[in-house]
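First up is the structure itself, then whatever we jot down about it.
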């Protein structure tokens, strides 16, 4: 009777780097929260846009589309760096993690510089009108997430570089990549909305 | 009462329910402002719908309560007994029967909701069709913190009447309220005539109202709009077409000249004080726009959007201390010396 | 102590194991220990106690409202005070009492019910509490320094915008929202991860206790609803503090958009409060009718469906804004649909009670009260769902009556039932049942006396949020009854408090499972040890404690010398891997402080967003910094 009623779990791994980890689910929740937030903002943008005839409001120039489009390239490539790092984390391959994260960090920085240049060239700001408020909100919020996760990646990079890491930190690398995919992916619709949106909906 | 068919039946139904619910509701007793004491086709249809919902839902409530309480008295299931057998499940036959009953109740719920939905949507549709009549007229109502600016629309600009806080309408004629707002969101609501419609800045909302009977109906701003949201009432006065026309004719005239020397003095006091920055009196130099039009103020029922009955004493109180009577109101306290007050009051009250 | 029976080893090793467990799960002593505590029982209790204090605060505000409205032309409160008080009342009750209370109960109960030892992210849990506390203190700091918000609990612009609400009042409101939503999102994500991944082995999806199902759905609703209010409150804040034009009609913004976004949150919000209560009811009904719940699959489906439908009804709060008719019909239909899911649950409970062997505990009294009050409130909800009727009763006391019926009847009565039901688990002592029943009757009578007349007042044209009314309106009788009723409710509150304090010290000792209930929390000691279970239980049935003692199964092989728990698979809850949870830590508190500096500062100076972010970033680094020496041994 006695042994029958026990399940022994001693043989199970003491940690796990995969979607089986609770942390992975926690991260998915955060991604869901952010995705919802951006989706609502995008819906709101169109709601406001469709309730007026002239868009962007008089005086605002159309945002440029060339630089932001080129910038997509380093951004999307940085997700591959992230993927590389997360695969390496599962295999506990330190060099792989460092290279993947390094690539991620460099490309992400390139993208961000391009964004700053483009942002700088806008001839309206958040106080100009509703369109200005939205464009700046999109850029601001996305940059906030972007910089936060980039900073987190840099910290992880140095932890791994120092060599004093365990499963927890490897799981961190894996989960960090989940967030990064999201940050890259959500930018694409935002990019469409703020750079192409005015053009697309404008011609009726 | 004659031309609305269906209304009679409704009246009957309403009366039955009224009798039944009188003790409880005390709502049909002709209060000033009541959603279940209809005076127009719109509110009439809503009241019919209301009593229908009320009756059906009360029945459902009672049925659910009866079953809930019966669980307490079920034979052999009474409190204090031993738990069910070790499985904690009653016999399978019981469960089967329960499943059938619960499924039936669920289906009944769905069906009832369909009925309610159809009743609701069709009432909404028939209400929205009421306005489509040839002889409709348009009144523009603009919400202000905390009073109503009213303008009677007319193709001829000289016939456009501007007034405040009191709306006269002819009976039996649909009236479109075009709602707008100067500042925050307000809501136009005269329960005896129709439901409410928000007045939203930068938008125009519309609603058709109509009164069957001559009468005086109170309305109130229903959307919270700041400090004096409580004191933002209005009156709708429904009168027969002829009476309405003569009212209109009178109102379109500029202010009548003061009757006597005191009134004349009052006029001068008014015109020489700050009042004119905010108020207009047509036919005089006063042309302010930020306060209610006072051209025929003396003919109105109340002061400051239903805050006080319009008497000369109340008016004196209002002018000397608007902030005391309606704290926060946007009317400034203009010092008026005591010997000037009486003439001023006489003048303003004389603006019939 | 059922679970210790089948343990094979000698009592010596047994005792050692217990000491190890005790050591690794205990919280360090002293002030620092208290501040760094991360066990779910302690955090849960903090939520519950704090939220209860805000129930009292909100209740006192309610009494002030009632005193002011008791008589026509009353001058007890001026318009400014009245507006502040009803705004604070609504805000407190919704954001500082109801939601955090439901979360606290879940933080306490869910890990116990799932048969595990803590929530998935213990430090995030602590962080969430501190953030909630900071937000609550922030709002009441405003209240006590005469900057209480006064634009209503949904603060519609333009009234709440910079032009019509100068000063900082509305900023306090909006920023308090930010705090509570961050806190709610922390709890939601950790509950989702816990319920998905840390269930007892064998607790497959179709064996999860209904309460945990309801918390799972509630958590998902939080995840998808809170971003909307985050946007709504940020619209307001940024329009007010940095001059954006999101809701400013003069520059292309739109005040109605705010309403859409707010209610896209606001409607789910009321179900966020209500759905956990459904879980309480199911637990109480099961335990006290002493039979398995009738229609478990139907119940689960209804809860899940409620969660989905709740996101499609927000416009029913905006019928008076004048929408196109087709939209109105859709939202009427959707709102009525939710009556089906509520109905199914009511029917299932009645069926369970019908065939059960009832034990009329105080908790069950509250369930009966719940059914009576909630059904009435739900039916008035169906009335409100009809556009034609709603345009009449919208923004009147009819609506006030509706939502107090569903909030108090639908959430507070089950909550009080839950207090009576789980008090013995939490304290180890039973509450006095006789006083409990008295408590119930006082609350039930007081409640109906307060809120029933409000339906009639609403039909008689009494609009809400008015600080006074004239004696000619015919509203005196209803109002005076309501005020008397409110004081009877307060008396009921006092009886409850007395019962709590007396029972805590002198109540009958409860034992592990005083109600002979079915779920895992009753297998733990009362009060539970910091590690909950010496051996994690295995779910061999949907009602694991109603299985014969000889057939119960337990988990061995977890290490006792660190905070180890078991992670299981999502669907079938098969053991997958072990997980080491973090120990006590001060970082959650420090991070919360950093966030608070950013949030509060930014109300006064937008640059604090930057400062706060930098501080928070630093705190996070501290939070995640690897502890040395790194433990790599399995």
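Points worth noting:
Every chain is named by a letter (A, B and C) in the order it is written, and numbering of its residues begins at 1.
FYI, a contact is a pair of C-beta atoms (placed from the backbone, for glycine too) under 8 Å apart; a residue touches a chain by one contact, two chains touch by 3 or more.
Given the structure is predicted, the values throughout are model-derived calculations rather than measurements.
Viewed as a network of touching protein chains, the structure reduces to a simple linear path. Centroid distances built from C-alpha atoms place A farthest away from subunit B.
The interface carrying the most C-beta pairs in contact is the one between chains B-C.
Rounded to whole angstrom units, the spacing between the C-alpha centres of subunit A and subunit B is 51.
Between the Cα centres of subunit A and subunit C there is a gap of 31 Å. One inter-chain figure worth recording: subunit B and subunit C are separated by 37 Å, centre to centre, where each centre is the mean of the chain's CA atoms. Multi-chain contact residues of subunit C, defined as those touching 2 or more other chains: 254. Within subunit A, contacts with two or more other chains are made by no residue at all. Contact residues of subunit C toward subunit A in the complex are 6-8, 120-121, 124, 185, 188-190, 192-194, 196-198, 201, 223-224, 226-228, 230-231, 238, 242-246, 248, 251-254, 257, 260-261, 264, 535, 538, 550-559, 564, 566-567, 569, 575-580, 613, 617, 620-621, 624-626, 628, 630-632, 634. Across the complex, subunit B meets subunit C through its residues 24-27, 29, 31-36, 43, 45-46, 49-50, 53-54, 57, 60-61, 64-65, 67-68, 70-72, 74, 77-84, 86-90, 94-95, 98-99, 101-102, 105-106, 109-110, 113, 116-117, 119-121, 123-125, 127-128, 145, 183-185, 187, 189, 191, 194-198, 200-203, 205-207, 218, 220-230, 327-328.
Listing the residues of subunit C that touch subunit B in their complex gives 78-80, 83, 151-152, 156, 158-159, 163-164, 249-250, 254-256, 290-292, 294-295, 298, 320-322, 325, 328-329, 332-333, 336-337, 339-340, 343-344, 346-348, 350-351, 353-360, 368, 371-372, 375-376, 379-380, 382-383, 385-396, 456, 458-461, 463-469, 472-474, 477, 516, 518, 543, 546, 548.
Interface residues of subunit A facing subunit C in the complex, by the touch rule stated above, are 1-3, 5-16, 20-23, 25-26, 29-30, 32-34, 36-37, 40-41, 44, 47-48, 51-52, 57, 126-134, 136-137, 144, 148, 151-152, 155, 159, 164-169, 172.
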